[in-house]
Amino acid sequence: QETSGNVLTLVSEQTTTFVRNFNPFGQTSARYTTLDFMYEPLVVFNRLKGNEPNYRLAESYELADDLMSITFVLREGLKWSDGEDLNADDVVFTYDYIAKNPALDFISVSALLDSVEKVDDRTVTFHLKEANSLIANTIVGMPIVPEHVWADVADPVTFANENPVGSGPMTEITRFTPQVYEQCRNPHYWDAENLKVDCLRMPQLADNPQVLSALADGSLDWATSFIPDIDNTFVAKDPEHHKYWFTPSSLVSLQLSMITPDENNRKAFTDVNFRRALSMLIDRQTIVDIAGYGYPLVNDDPAALGELYASFANPEAKAQFGQYASFDLEAGMAALDEAGYVDADGDGFRDNPDGTPIVIDFMVPNGWTDWIDAVQIAMETLTEAGLNISMSTPEAAVWTSSLIAGEYSMTLNALASAADPYFPYIRSFNPNDFGKSRFTAPHWENAELSELLAQYTQTKDAAEAKTIMDQAQLIVAENLPIIPIYNSPSFYQYNTSRFTGWADAENPKYSPVVSNANPARLLQLLDLDPVAAE
Amino acid sequence: MKLLSQLLHNKKALVGLIILTIIVLVAIFAPLLTEYSPTRRVGRPHQAPSWDHWLGTTRLGHDVFSRLVHGARVSLAVGFGAGLMITVIGTVLGVIAGYKGGVVDEVINFFTNMVLVVPNLPLLLVLAAFIGQASPLVIAIILGLTSWAWGVRVTRSETLSIRQRDFVKSAEMLGEPAWRIMLFEIFPNLISIVGINFIGSVIFAVITEATLEFLGLGDPNTVSWGIMLYNAQNAAALSVGAWWDILAPCFALAFLGLGLALLNFAIDEIANPRLRTGGMLNRWTRMVRIGEGKL
Amino acid sequence: MAFLLRRLAFYLAAFLVAATINFFLPRLMPGDPIQIMFASAGSELSLENLNALKLTFGFIDAPLHEQYFAYLKSVFTGDLGRSIKFFPLPVTELLGRALIWTLGLMGIATVISFTLGSLLGVFAAWRRGRLVDSVISLGAIFSSSVPAVVVSLIMLFVFGYTLRWFPNGYAANPLIDPAWNWQYISSVIYHGTLPLLTLVFVLTGGFAVTMRNNMINLLGEDYIVMARAKGLSDNNVMLWYAARNALLPTVSSLAIAIGTILGGSLVTEVVFNYPGLGNTLYQAIIARDYPVIQGQLLIMTAAMLVSNFVVDLSYVLLDPRLKKA
Amino acid sequence: MTTPVLSVRNLNIDYVGAETDFHAVKDVSFDIAPGEFFGLAGESGCGKSTIAFAVSRLHRPPALIRTGSEILVEGRNVLELSDDELRKFRWREVAMVFQSAMNSLNPVLTIEAQFYDVLRAHGPIGRAEARARATELLKLVDIAPERLDSYPHQCSGGMRQRIVIAICLALNPKLLIMDEPTTALDVVVQREILQRIDVLRKKLGFAVLFITHDLGLMVQVCDRIGIMLEGELVEVNEAQTIYRQPQHPYTRKLWASMPKLRGEQTRVEASS
Amino acid sequence: MSDPILALDNVSKVFGRADKPVYAARSVSFALHRGRTLALVGESGSGKTTAARLIMREYTPDEGRLMFRGAPLGKADARALRDYRSSVQMVFQDPFASLNPTHTIRYHLERPLKLHQKGLNSAQRQTAIVDLLERVKLDPKLIMPKFPHELSGGQRQRISIARALAVNPQVIVADEPTSMLDVSVRQGILNLLNDMKAELKLALLYITHDIATARYVADDIMVMYAGQIVEWGAVDKVLDDPRHPYTRLLLSAVPDPDRRFDDVRFADELGRIEEIRKQAALPQPSITEVGENHFFRPIPA
């Protein structure tokens, strides 16, 4: 049966089979069109515009002056897709619910909240455990579910929510097979006026090559997939309509464990001169060009922020320490010589200044081919500079636990992009997270930085915040605890033959990536206009 | 020795041996055959075959020809290493089970049948996945430990029939100890079966190693045909039109497989004279045609 | 009958052992099995969430033997747990979906290549030493020596990418709803052609060689000569006397070959992205979806056992000597 | 004089080798008269079976019947028959019992099917009719008709041998070739079978070409005997004549080396 | 007569399952004496080979005992077994199968010497081998380096005999040693066995179904039928005056060029033997002595 109306065909997830699961709390199991499209966020923050809020279910929010609470006000006349009212009770219910069922709390927001209080039918106040100026960013990540449905769910973890009742633009599942499903317009959507797309169609595509062939023959409107040699394989097939735009996303950096079990390595790794030299020996551009097909963006910001957080950048950091974050083989080798890392025992490899050998195992998870390529390229120059380096590719799980424990020498690590540089810093350098998260893999701590970061969330004053952040950047840039290499791209391909209104490099209104980690995709959906039939 | 001279007289075996020799020589002299290192970037990504790069370059800019000739080493080493292990285990267990009979046989036979009904490749996949970063050595070892069952089965049934032969009986009557009977009376008569088993196991090991690596369960540090396939597949060599990247290891594998298979076929013919189709049949056809006689 | 009963008992034992291996495999490997099992799903989850998730998967802190018996019980009641990747889909259902495709693909490929290979082997043996024989033998050697990966990649390259005659993935056009209509069925056939061809190519040679060797060994038998002496037509002797008897050992080799076929179809499915068991296993391994991997191994073992049993049965049917024994 | 059933003239058969040929049958000529029991004796490998196979043209490559050889069955040259004629000729004119009965019945077909096969191949016949004929034939060799539904492995060796003989008689052939039909059997069973053949021959009138290396047996059952040595037929004569007045030295040596059951025991130094 | 070197005393051996036993040997008793040959004849499946295997201790008797040099043989431990084996040897039926195709003749003869005559050094072994080959009338130089397939059937059988002699045995069991050989070669082997027996004072058990050769080599003969020994005695006496119906049948079935087929009322004899076959499972009949050194078991009424 043909679905009537304007159908937008998109690929958000790659899978071998579709399972009917629209449980918005199941990050790994729910269909990727569940968040945002089915369960609308309170607010969507536009990262490309300095976190400008786009109010969705909430029409406003207000952070208390002491930063110890935040109050959201819902829009008027909101309805669930089954026609029931959507009000503050549902919000409170949702937060109580995830507090009761910790397995549901996929963004660990409960831990930050003291209580959630209904003020009136449209107003909810979140009381925090600690002052936090950035809490709104976290809270909006949790989908709000209807109390009248979820209160009766026996086991919300395994609940598949096959017939979802949602608040977003696309809530009705009109067709579901393991090979394709369609998700259509919410009859009670509050913003229906802006919604020109009637249905989303999600064909099952198992991997990048399949997405590519679907893209190339024009059957997909919107996709997020790695495509090799995209200008030839995709754009050239129909240059007028086949388009793409890659935005920088998570930071990939080279990391060293400051607490690595190997005593000799540890001596070198904890020496900032060694780290700086190492950083200068990484040929970032080649890695980007070859391992990444030229898609990623070189990150040569010693403060590890780069393009992504350009609006927060402290030019001073780059001016003072920039030379340590860009490739210069000669300088790097000279720096090593100067710091005393020379071949003491004549085995052809550089040793510590005290003569003990440095033998580095470069760890990268098995099967992560682009990283493996990147490591191999990085190793070329490192080896040429006289370092004794080999690569190992353990199981991802083993890799993760080694990183968490700090029991490794050298690795690549990725850190998701966020709305504010505070997040990458706190995730990477928070001593409280040592041994808990792989993002703290370097196990590098700096009291001054910790203090600055703590202050940062405590201030409401933008100017003060900027000063703090500038200082933090200087500290990071000086110590180079992580060696930035590149920001991976967010892949975004689209086809203009059926719909227009796409964000692109000329009009970077928000991030249009259709992956489930980008709430701004909702904005993109609402901006689409069908091309009038000829 | 007799086997060897017979091998040299068999056309199929000869072709097989030549193929194998070429590959072995290429593997041994790999560094002399190419100026390029197999693990360094020596060109732009995915350059088509040219005078500089006979078989083009990979996505990373490695020289395909260099990787191919160096990769032969791993394929051969794993093939022959695992093949040897499979054969040794299979033959030892098979001869013991077949000769000893009784409980020993029951036990060995049970496990053999057991291993035969557990699907091999999936099991290997799972094992490799659990072990993680399966280097060629690890692959060879798990291949050796999981694939001996077929060998036991054929050796055992052959041993059973040899055991019935009078020369084994007479050795028993002479009071030869059991191990001597197995080693010196039965085993020499199994040479061709063992040979077939060995070559068959080598083929199996080469194919399986390549398959495991192709599926991404190998160690990316190795230079081998399976890893080449894996890298090519990952670089979407087919969809970007870099056929040389994927076809080179394909043909290398097929070539090695063909050589080994020819050899195996020939051993089969030598072991079983009925299977032989020597020059006499050609001669016969010719003689019938010129009317020297008929059937 | 006693023969079949004994085989059945063996199969049961074999299944038990496979189930046991399955149980111990993750527990024998270095590292915490739970950590390994949830690694890819859980890398973004906090420890609290992980613990909560583990409970729902039944990782109780019981003594090993209790875990073992609980596991056996669930296996024999057909409960293989739930997939992590395709949560909360039960593993049985996930594999059930895939099983249909694999059975279809493998079944048809086996039937075609077995028939074709056996026929070729029969002809080659009958015309031994002539041109037909040389051509068939060499072809068979070649086809059985090329790895399935290589064949499928080359097929994909030639027919999928270069000539574009066939699609390069899927079991059917996803936009067509599964139904018993020509549109869907033709799409299934169209998508199945390349994997099928690959499998047939890989398998036929082996069967042909086996059959040829068996036939040649048989042709000297007195009853074959007697059949010719009786004045039966060549075709009659070849098919009814020689081939039928040569089939017996071939059938038993089929039982062993099924393992190889499973392996071959695994690779083929992966290369052609065919949604069968092999591909599911591969995806599960990549995603480290352990409930699926374990269920998969069990199902594949069960499939092997069933097909071995079918082979046993047909052996009994084909060979009257076994009926009474 | 009547035409012989079988008349072999200048028969030369080679086994073609890769380089040289093995001349297995050298210029052999002999006749068998209708109803005659003709024996062919000689050491293992002297070419007896090769001759037997040639009569029905059962050879497969690399055997080669040299041009110039003639095998006449009732005057018709077998070597000139077309494929189709050959098929019709086999079994109708010449039937054959092979070296071992154990293996000359197809193990996977019932006895009935193996009767039906041959009857079908030589003319249209219904199942029921074929079964009736088979029953009749089995009676000739003293086997219960229920055996028709058995498989060969369910019958004893002697029984199988008799079944083969019954099948041989299905088309009333002129000549029955028996190539060492009893070597695998006990003397008692062997004796019984030969005696039965002898009786049937007298009743049905077919000739027998009997091949064995047991000379004593041969003299006892045959009318005439041919002695072969390395592919050559060295002596042909009446059985008793050959026994009592052997001409060829080889024949004489054969007799001398045969231990006797009765009478003088002589010791002969035979070479090995 | 001297004391027997080896004797079977009421030995029985049963094969098969309890519900369908096959009596391969039933209360079999006989004795072997040095310097004498005992022939064992009988139809196929009558238990001749079983008797040989019992002697070779490949089977253990279900009932009865094996006496060696007057003493009963108990459960065999490895050493006792080796001891026994250096006294009792066997020559097999098929010379093609009883030599290992992968070893030279030299190896075949060297092994028994190494195993059973430990004292010899390699030069002594060499002489011993040459000696053995000469004894079986083969040219040592020519034969030693050859492989079995390069020899004729008769030569191979000679090697088998030489190998049996190599351990210096007192008893040789020959199970149809000539049935696979050509008639003209057969004689030579039989002569050889006869000579060895006389020269080395061997006790020889000669198993065959060919009564004529039995007469040629043996001093005494036993006729076996359905696992039982039904008639025995000196060769001439038994063959001249057969008493048991089976012995008679056997004798009449033996091809005899002096008598035409139709001379013998074979069918009648056959009918009678069928009757004995039916009674074969009945209890043991007593033994009747017909004359000096000639006994038989009459069929029960």
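Read from first to last, the chains carry the letters A, B, C, D and E; within each, the first residue is number 1.
To be clear about the criterion, a residue touches a chain if its C-beta (ideal position, glycine included) is under 8 Å from a C-beta of that chain, and two chains touch if they have at least 3 such contacts.
Per UniProt, the chains are B, C = Peptide/nickel transport system permease protein; D, E = Peptide/nickel transport system ATP-binding protein.
Note that the coordinates shown come from a computational prediction; the quantities given were computed from them, not determined experimentally.
Which contact partners do chain B and chain C have in common?
Chains that touch both chain B and chain C, as defined above, are A, D.
Indicate the lowest number of steps between chain C and chain E, counting one step per move to a touching chain.
Contact-graph shortest path, chain C to chain E, evaluates to 2.
When all chain pairs are ranked by how many C-beta pairs they have in contact, which pair ranks first?
B-C
If you average the CA coordinates per chain, which chain's centre is most distant from that of chain C?
Using the mean of the C-alpha atoms as each chain's centre, the farthest one from chain C is E.
Provide the C-alpha centroid distance between chain B and chain D, rounded to the nearest whole angstrom.
Distance between chain centres, rounded to whole Å: 49 Å.
Counting only Cα atoms for the centres, state how far chain D is from chain E in Å.
From the centre of chain D to the centre of chain E is 33 Å.
Return the distance between the CA-based centres of chain C and chain D, expressed in whole Å.
Computed from C-alpha means, the inter-chain centre distance equals 51 Å.
Measure off the straight-line distance from the CA centroid of chain A to the CA centroid of chain D, and report it in whole Å.
Their C-alpha centroids are separated by 91 Å.
Specify, in ascending order, the residues of chain D that touch 2 or more different other chains.
Each of 60-61 in chain D touches at least two other chains.
Residues of chain E that touch two or more other chains: which are they?
If we look for residues of chain E contacting two or more partner chains, we find none.
For chain C, give me the residues that contact two or more of the other chains.
36, 128-129, 286, 288
For this entry, which pairs of chains touch?
A-B, A-C, B-C, B-D, B-E, C-D, D-E
Touching residues of chain D toward chain C in the complex: what are they?
53, 56, 58, 60-61, 87-92, 95-96, 98-100, 103-108, 110, 117-118, 121-122, 151, 153-154, 164, 167
Touching residues of chain C toward chain A in the complex: what are they?
Listed in rising order, the residues of chain C that touch chain A are 31, 35-36, 39-41, 43-49, 52-53, 56, 82-89, 94, 97-98, 168-170, 172, 174-175, 177-178, 273, 275, 279-280, 283, 286, 288.
List the residues on chain D that touch chain E in their complex, please.
Residues of chain D touching chain E: 43-44, 185-188, 190-192, 194-195, 198, 213-221, 243, 253-254, 257-262, 265, 267-272.
Chain B touches which residues of chain D in the complex?
12, 14, 16-19, 57, 59-67, 69, 79
Chain D touches which residues of chain B in the complex?
Touching chain D: residues 278-281, 283-285, 287-288, 291-295 of chain B.
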